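So that we are looking at the same thing, I have put the structure below in structure tokens.
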Amino acid sequence: MSAPLLETPPLLETRGVWQRFGGLIANSDVSISVNAGEIVGLIGPNGAGKSTLFNLIAGARAPTQGSIWFDGKDVTRMPATRRCALGIARTFQVVKSFETMTVIDNVIVGALIRNEKMRDARRKAYEVLDFCGLAPRADKLARELIPSEKRRLEVARALATEPKLLMLDECLTGLTPLEAQSGVALVRKVRESGVSVLMVEHVMEIVMPLVDRAIVLNLGKKLVEGKPADVVRHPEVISAYLGDRHAVGA
Amino acid sequence: MGLLYGLLAVGLALIFGLMDVTNFAHGEFLMLAMYLTFFLFAFWALDPLLSIPIVAAGMFIFGAVIYLLVIRFAMRAEANRGMVQIFATFGLAILMRGLAQFFFTPDYRSIPASMLGGKTISVFGVFLPVPQLVGALISIAAFGGLYFFMKKTDFGRALEATREDAGAVALVGIDKNKVFALGWGLGSALIGLAGGVMAIFFYVYPDVGASFALIAYVTVALGGFGSVFGAFAGGIIVGLVEATTAMILPPSLKSVGIYAVYLLVVFIRPRGLFGSI
Amino acid sequence: MDSFTQRRRRDLILAAILAVIAACVPVFVKDVYVQNIMVLTLMYAALSQAWNILGGYCGQISLGHALYFGLGAYTTALLFTKFGVLPWFGMLGGGVLSALIALALGYPTFRLRGHYFVIATIVIAEIGLLLFHNWDYAGAALGIDIPVRGDSWAKFQFARSKLPFYYFALVFCCVAWFITWWLEDSRWGYWWRAVKDNPDAAESLGVVVFNSKMGAAAVSAFLTAVGGSFYALFVSYIDPESTMTFQFSLLMALPAVLGGIGTLWGPVLGAVILIPMTELTRSFIGGSGRGVDLILYGAVIVLISLARPDGLIGLFSRRPASKGVPQ
């Protein structure tokens, strides 16, 4: 399942990224990478700095220190719109759909970045909806969708921008087992279509079988990374989670 | 004068900060308050100073009623909520102006002789008009009272809580409508205070609201929406700027200073000086 | 052909039919007073449509559009009376000037959210009003009188019949409508609606929010200014009070809000209902100065805003049928 080891440079790289908010250090010297064709999971207990890192990569702000490289280019200071043009797409943890627009229109907005003509954009949007299993709901207003469908719409919209890297922010959290299963299937499908995936997740049982590689953050630092099976058994990871739950020690 | 503007503004600020509603009929509320004061004087020879509490109380009721009858429905709109409020209250403003014209005639009225009218006193060698001075004092008192009220009393805190999350508040047994209605009443009462004072030295006519309304909005926005203190500070600044501008530029341009200051402030701080929204 | 394209076509055909009907009306209606109302209706429909582009589609509520209207009116009037420039060029000039100013103003104001933005637009327009009020070159409070000497298409003045104005207004309205129609199914239209609904999400999809707002502002200002120029020529006299007041800004937005903000037909519907009603009540009832017309007017606005917050257009809308794959 994992991508073959090649000598090509990683698709996404963060190099020694620090993020400080006043006195609070949210990310400290974090260096991670995602290779083309991988599904990478970014996990860790609450407050680990996952969301902060996620947003830094997505372009919400520039890191206090360090750099971010994508597809061989330094994107550290680029705004989110430019990063999207380069091929980074993201979903939001709290779904941000365009409520007053129809499902297909939502996706069209995404498709517009690569398709100048409306006709092409519309066609692409329909393809993407089909890919994500939302085609029957194409004409519904976004606000009429149920939560799991809205999550799918987020993914569809992001996919419409034809990204090289799709970043998912806790998109499998809070779903019923059935919904989560189809979510996992969708992520696999996305990878098969040639898009790399970086996902931030909480729900271990679902994420671990899915990802090729897992990166664990804790208290702003990168703790461990490796194959899911190894990571899960790593003593520091266990204590990070257990410690979080039982509030034992630092 | 600045303090008076502040008073005017705080009524608006309260309502806005409370429910994210901007009352475009604010000026007309003022007009109503002024008319009330006038009529109390005309029919019962009640001096404006004394009638102020009565006017305030009357406006309180009026405000609450308007909320229950009108504003409550305006808040139901899902999309375009801001626009609905603006235009619904704008319609209300026109309606009130029309009613005033109809019932009160467009003539200018004024209160000729009152306890405070036309008198000046000398403070540190500077002659100040007494009505304005008293108005300013009332403003300060009102602000102080409001601040205290908001922070310390249960109701004040209920108001804030309801603003934050109307849904959650219902779970704790707070009736959103009741709170809002009272909030509107309170805001209107404050306008009533302002109106009572201003009737002493301003002409009263149906369109009088319009001229002050814009200043009120600018004052609130300048101080920042959602902040009572902001409205107070805004009022003072506006008053000062207006006075200064009047000295430099021809009288018809006196408002330019205020507007310019607003734009400047908002350019630097997009949420006004102390705004939380 | 799928139903989406069908709907677009249907709108276009409907517009064409209405335009033709409107063009024929003056043949039957000779009363100058009524014609006047019709011209105003068309003008307001166009102005509101222009406002709608920025306010309805892009979500930036401006209550200071009277500024652009006034700029258009004054540019045309000044160029004509002081330099003899033909109004057609004046119209163009006014439009371009307004668009440029809109862009310049957009820079500091588009970072403002919600009510702060609205008040900023009001305040800017007020400053404009005050400046023109005191600017003697432009006639200050007395305004500018445009001398009308006989009919001339070049100078766009017609002393005897108001019909040419009617047709111009009709064309103007159609153009504004058409531009909106065209933009609705264009990248800009989609960007604007995305920005209005959720700017953060729009950015994540590569939409440069600021630029899209600027675009909307420029188009909106241009059209509004052209309307202003038209008005100047139509009434042959302008002054700050009649072209740049806050009341007027509200009046430009009102038809769109009542008819259906952010919709294609909303402004037209709103104008068709609102303007004749206003004018008629003012003439028949308002004469006494007792404000009954205002009462009516105000009450109507309140009722419509409360009963149908999404605009009257909601009464006519049909849910779009399922869209097939585009051919």
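Going in written order, the chains are labelled A, B and C, and every chain counts its residues from 1.
In this section, a contact is a pair of C-beta atoms (placed from the backbone, for glycine too) under 8 Å apart; a residue touches a chain by one contact, two chains touch by 3 or more.
Treat the numbers as computed from the prediction; the structure is a model and nothing was measured.
In summary, the chains found to touch both subunit A and subunit B are C. On a Cα centroid basis, the chain most remote from subunit B in this structure is A. Between B-C and A-C, more C-beta contact pairs join the chains of B-C.
Comparing chain C-alpha centroids with the centroid of the full set of protein C-alpha atoms picks out C as the closest. Averaged C-alpha coordinates give centres for subunit A and subunit B that are 49 Å from one another. Taking each chain's centre as the average of its CA atoms, subunit B and subunit C sit 32 Å apart. In this assembly, the C-alpha centroid of subunit A lies 44 Å from the C-alpha centroid of subunit C. Shared interface positions of subunit A, defined as residues touching 2 or more other chains, are 99-100. Annotation for subunit B: residues touching 2 or more other chains are 79. Residue positions of subunit C touching 2 or more other chains: 262. Those residues of subunit C that touch subunit A in the complex are listed here as 4, 185-187, 190-191, 193-194, 196-198, 200-208, 262, 319-323, 325-326.
On the side of subunit C, the complex with subunit B involves touching residues 61, 63, 108, 111-116, 118-120, 122-124, 126-127, 130-131, 133-134, 246, 250, 254, 257-258, 261-262, 289-303, 305-306, 309-310. Chain contact summary for the complex, subunit A toward subunit C: residues 58, 79-81, 84-85, 89-90, 92, 96-102, 104-105, 108-110, 112-113, 116, 118-119, 121-123, 126, 138-139, 157-158, 160-161.
Within the complex formed with subunit C, the subunit B residues making contact are 16, 22, 70, 73-74, 76-84, 86-88, 90-102, 105-106, 206, 214, 217-218, 221, 225, 250, 252-253, 255-256, 259-260, 262-263, 266-267, 270-272, 275, 277.
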